[in-house]
Amino acid sequence: VLFTYLHLAPAPELTKALLDRKIVGIAYETVQLDSGSLPLLTPMSEVAGKLSVQIGARWLEKENGGSGVLLGGVPGTPPGRVAIVGGGVVGTNAAKVALGMGAAVTILDINLDRLRYLADVFGSSLRVLASDSHSIEQAVAEADLVIGALLIPGAKAKKVITKAMMAKMRRGSAIVDVAIDQGGCVEGAVPTSHENPVIDVDGVTLCCIANLPGAVARTSTFALTNATFPYVAKLADQGYKDALAADPALFRGLNVLRGDLVCRAVAEGVGMKHVACTIADL
Amino acid sequence: VLFTYLHLAPAPELTKALLDRKIVGIAYETVQLDSGSLPLLTPMSEVAGKLSVQIGARWLEKENGGSGVLLGGVPGTPPGRVAIVGGGVVGTNAAKVALGMGAAVTILDINLDRLRYLADVFGSSLRVLASDSHSIEQAVAEADLVIGALLIPGAKAKKVITKAMMAKMRRGSAIVDVAIDQGGCVEGAVPTSHENPVIDVDGVTLCCIANLPGAVARTSTFALTNATFPYVAKLADQGYKDALAADPALFRGLNVLRGDLVCRAVAEGVGMKHVACTIADL
Amino acid sequence: VLFTYLHLAPAPELTKALLDRKIVGIAYETVQLDSGSLPLLTPMSEVAGKLSVQIGARWLEKENGGSGVLLGGVPGTPPGRVAIVGGGVVGTNAAKVALGMGAAVTILDINLDRLRYLADVFGSSLRVLASDSHSIEQAVAEADLVIGALLIPGAKAKKVITKAMMAKMRRGSAIVDVAIDQGGCVEGAVPTSHENPVIDVDGVTLCCIANLPGAVARTSTFALTNATFPYVAKLADQGYKDALAADPALFRGLNVLRGDLVCRAVAEGVGMKHVACTIADL
Amino acid sequence: VLFTYLHLAPAPELTKALLDRKIVGIAYETVQLDSGSLPLLTPMSEVAGKLSVQIGARWLEKENGGSGVLLGGVPGTPPGRVAIVGGGVVGTNAAKVALGMGAAVTILDINLDRLRYLADVFGSSLRVLASDSHSIEQAVAEADLVIGALLIPGAKAKKVITKAMMAKMRRGSAIVDVAIDQGGCVEGAVPTSHENPVIDVDGVTLCCIANLPGAVARTSTFALTNATFPYVAKLADQGYKDALAADPALFRGLNVLRGDLVCRAVAEGVGMKHVACTIADL
Amino acid sequence: VLFTYLHLAPAPELTKALLDRKIVGIAYETVQLDSGSLPLLTPMSEVAGKLSVQIGARWLEKENGGSGVLLGGVPGTPPGRVAIVGGGVVGTNAAKVALGMGAAVTILDINLDRLRYLADVFGSSLRVLASDSHSIEQAVAEADLVIGALLIPGAKAKKVITKAMMAKMRRGSAIVDVAIDQGGCVEGAVPTSHENPVIDVDGVTLCCIANLPGAVARTSTFALTNATFPYVAKLADQGYKDALAADPALFRGLNVLRGDLVCRAVAEGVGMKHVACTIADL
Amino acid sequence: VLFTYLHLAPAPELTKALLDRKIVGIAYETVQLDSGSLPLLTPMSEVAGKLSVQIGARWLEKENGGSGVLLGGVPGTPPGRVAIVGGGVVGTNAAKVALGMGAAVTILDINLDRLRYLADVFGSSLRVLASDSHSIEQAVAEADLVIGALLIPGAKAKKVITKAMMAKMRRGSAIVDVAIDQGGCVEGAVPTSHENPVIDVDGVTLCCIANLPGAVARTSTFALTNATFPYVAKLADQGYKDALAADPALFRGLNVLRGDLVCRAVAEGVGMKHVACTIADL
């Protein structure tokens, strides 16, 4: 029984190997609550959101080709401006750090109720704007640092931050595309690594590190374990059959079952045959 | 008339050149108010303080040899701990950013009235401790990130953070010694550069970048100009003689005057003859 | 018609008396919303949570056998540490007071979404940790004051704070077990009274006052009346039959009905016969 | 003995009348502490600062010819922008109200130490900029509401907000010139009244109400009495001679003494003969 | 296809005209989510709530017949007191501005869970009281400014603020009845206009401006467009039939459909025949 | 050489003993900075201020004869009211705890500049009033808990809280007189002990524990040591003669010197002969 991130959809050979060995494979990334939320991805989004600003700030430094702006400024100078596109888990955590560092922060989201919650919790220090192509363009053009935090669960991110918008930014500004693991929400974004983290796009530094949370492995491990442990405990206590049968969220995580490929999305991804599976089949 | 940072004390040749050319040289770093404060150094201390945490955070990242701790943690995990030794301008600004990023922050100072002001302004989110070797040792041992912010105007910093203390820190933790321009307050600290910023001390990353504010040149320039401009305006409006005569703070900044070395501290530093100078000599 | 706290489960004689007199008895403690929450217990949990820290602080005083720690400390000294086990209504209210008094506060809960809400609302001044036996042990060992706030609606509290943990606390530290009305969440806890409020457990003061809110009767009365009044108004306006028929939450509060014992949990508690009752039986 | 606001400088006839009647006249506006501060003007500056934003907000309303901007905006819309020129008592109090109403607030002052204090107290929600003609121009051009709060004790205010700057503001924006009692800091400002409060300057509403605090007479009276009462008590308890002799601040308030005009500034203002006066002359 | 505020219920002639012309009329005010909330009214409630305090403050000014109270007071004087009856969207936004201006604010609501949320978000600076006739009477009697914010979706507001309560207020105090568009929650309230905004009720100024948000048209327009745009986009992209069929909230907004009056509430209001309509009838 | 609290003024026998033994006695309580502040009393005032509210809260509990008010209230109920007479070190620290516990807090002081600082630091959550007999009376009459924090360095406290005021308080309310070590600022106050802490004054509980900080000995010891250590270090490093000669603050602490009684205030207190002493006499 394998319970971890599997990411089988783009990996036919790995999938075949798991099927051949009759593994019972439950994937973190497809465990899903009735509400649709993905409880084993949320902690990584929190880490990525906080980290995105910490990492983005350094690309504004002179040595790293940046414009030489300190996010918080000092009394007498204007603070740096941060635009965060997307007000979900990633964006909210990015906003906490950006505000904390003293920047002037704008967050954009299409969900007005989410903006209202953010306004309640952050007070008037956070500027919350309804997101549309016009407001994004204006916020991006004015920003020293842009955080692309547009994550739609289970869908490819839209390229809402265009090259045309980036062309209006001050040279030496930076963008961190946290949505890169879903294809990115910035035009031209391709996954980069912690070793070669950035691309220059006409004078704007674009950072698209895949697996951002890996940089703070200690915190990420605690955060992930907090979320996975209750499921691990169930699997260990009850055995995989009873645990899967009793918890629909966990059952949705089942990808491969003793030689059968039971997750439709993975089957489509690898081009193999999907076998429907109910609790009775466990 | 030259009005800028001169730093003549360790530079006999430069001093001689200025004397030979009969320059009127006023040094930013020796302009001093009646209260003893150095108004043209304060903005750089503010920038350095804020930057020290931003830069320190990255040495906790895995790729940079760090312990993998995210300063703010995420809900459910412990936040990183930051110990700031010194509660002056540098330390206060470091505390603002560290608290803003969500860390658990302790600041240590020997001046109780300063601690009281910090407690008033920051509320109970900042832990303010009286500084002595015992409290420093304990705070350093527990910290993921230590900021050495012990700056005594015009004096060499004391090495209050010892190698013995550093040996008690978790491997992969980091120290930023902001006092490095005055010799450093961390045992073993030697100036490093933005290109080669850190030294490894038995598994602890020690960052002693000289001229830290250079990394955010844009903000630093605005900050410095805000402070120097009123003096520049006086020099331009009134001529250097009247300006120096009218403003004792500016007069204290005078280092070389038409061939005479009039600043005692510089004279001692370069081993040349000091010529006393009063307003009447202008 | 009797509408108040009945607490019949451990009281067979009282139950019999009510049945004999054909009372229509609706118990505050079993009125329950569709969401499972107990609206007439919540106000008492709020009071108990706030009061627990106010009362706990005094057991740290020297005269009361405490370690002589002031929760908030003063500038220059370390603040007291408070560990709150459970982040529900009791724990959240305890955290408000403990933070307000200036303590360094850690709250532990197994529900990550609850921790996220607390992190949003309290910001980084509150340390929110995922609860497991390891994190509880560490938090308790470091704490000057522990609040046992683990209340699971309708269930006996688990003894998550063990004697082994308490043995690691500094002598003169204190624990307030707010869960005592459900059996307590601290090993060795037995109900105490406002007159004899504490037990010494190897140098740690354990306070398990039953009916904690009674200490602030004026506030408790207002708080309770705010919650009960809408139900009282319905009973008065519509008569008990229509009121019970129209409000499922109130109907769940019905314990005894004109001689029948209609609440299964009470019937089991007193060992009498349960009579099923539907709205049609009113 | 007359102890109140006298404002004799522009009033030769009133001055003559007081002299003829041999009044002992002590003017609130010239009572001055050794530090140079004017303790009986400060409360009125506090009231005026808070009131300026409350009054300014209404000139942004559509019915009053404004641009229809709500200072705080609502979640999803940009907040109004407020620029406050001057960070003294008036400006600080204006900033409190403007931030409280949810606006994006910039405050400008030439005193960096004052800006540092404001940054400590308000945190990063207030943008504090060094004041020069360039930064004022930019802040004014972007602002929906400008507060002219440039008050230099005992001097005529400078016209730092020019018509050229106002021409760059959005039509329907507004300016409140709180410095009007000292001549105003906005080009074109002339005193207006509560009845006819504003002037239109090319589409920008300019409000220069003299005696702004009169609008909230109840609060102003309490505030003023708090400040004047200790002096009144001294005058009543000790008689005017001993009170004046014992308190240099009060003595500086003396304008006319039994027929002599003893305040030099007033003498110059009214063009009459100044009679020097020492404590011995009382 | 007409998609805007229609307000047909009190307008038979307008209704008839729309029917005659076979208009497809979708009314903002009846678009309703499954949760019962009215997403196209919420932004206007937010604007009205914030504006109510801004507008109310001016009726306390002396020139406007007020008691001369400054809401925030100044250090040394008591702040003004604001009582907000109703803790929904209007009341919460009113509380934000009133607290921000420095007033002592009490908010009253019958929903204890709403009060708990407000206490979490605002902390202890906001006094949250359970609403009943007694607590309203006491809060109103003490208040300098009362905000009537009792809005029950789709129902006529109750007159919870009586003339007897108003008689206990200090002369020159003020009330803003934001519920006036639903008939008002203040006894004696009749709609007023921005031109003639207030009524005097025995010395208390009662302001009942209909369409309050009109005063800040610019902000209101942005706020409304943020909410309506997603629906407009659907109507434009999919055509009205598919858009209405796919979105139940939008479908509830349908009032007139090609000659049929399909909204029951409007039909009752204008006394015309209601024609039931299902998605199949589109 | 004795360096500790001596409190000789009311203790002639102790004084004689010290003189007879030719002790060099330096008293903590008379060490005084040039500014007039007493650096070795300040930490105890901080502790006493914070502790006063913690201790006062318990006298509102029912078991202790109190009115049953919870200082913070809970959502839906009014919070308790705390009036703090005196805004110095004691009062400010009392305000921090009282606000933190959720009470509605009023602080009164005659120093307007102090009130302004408190308003800056606490924002509008603290009500700051100018102190006079009228405002004290009103605040006391409304309060559930009164903190007497009127400490004038070196002077007997005035009885500003009279029995007439106390008679207007609700029965079961409480007063903590922190000024008791200087005679108390409450009419009828006599020193009580931690064992018998309170007096009943017509239904109001009056707590006048002498040496309040003793209750939290651990915190008090750290706090005091932080303040005394620098002086101890000087005495140990330099010997008492040089240390006293070099530090005027320490010199002011000298009470008895090798048989001479050199502190005038003590001499008056014990009725013995005062011997003037200069640095030359050391």
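Note that the chains take the letters A, B, C, D, E and F in the order they are written out, and that residue 1 is the start of every chain.
Please note the rule applied: a contact is a pair of C-beta atoms (placed from the backbone, for glycine too) under 8 Å apart; a residue touches a chain by one contact, two chains touch by 3 or more.
Bear in mind the structure is a predicted one, so any value in this text is a computation, not a measurement.
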Chains contacting each of chain B and chain D, listed by label: A, F
Shared interface numbering between chain E and chain A [over half = same, under half = different]: different
Most remote chain, CA-based centroid, reference being chain B: E
Interchain centroid distance [CA atoms averaged], chain D/chain F, Å: 38
Whole-Å gap between the CA centroids of chain A and chain B: 37
Multi-chain contact sites of chain F, meaning residues that touch two or more partners: 43, 46, 72, 75-78, 96, 99-100, 102, 112, 116, 121, 124, 130, 222, 226-227
Chain contact graph, described as a line, ring, star, complete graph or other shape: other
Chains grouped in pairs wherever the two touch, ordered by label: A-B, A-C, A-D, A-E, B-C, B-D, B-F, C-E, C-F, D-E, D-F, E-F
Residue ranges of chain F touching chain E (in the complex, touch as defined): 72, 75-79, 99, 102-104, 112, 115-116, 118-119, 123-125, 127-130
Footprint of chain E on chain C - complex, ascending: 39, 42-43, 46, 92, 96, 100, 121, 222, 226-227, 229-230
Contacting residues of chain D [partner chain E, same complex]: 43, 46-47, 50-51, 54-55, 57-58, 60-63, 67-78, 80, 93, 96-97, 99-102, 194-195, 214-223, 226-227
In the complex, chain B residues that touch chain F: 110, 112, 116, 120-121, 124, 130, 132
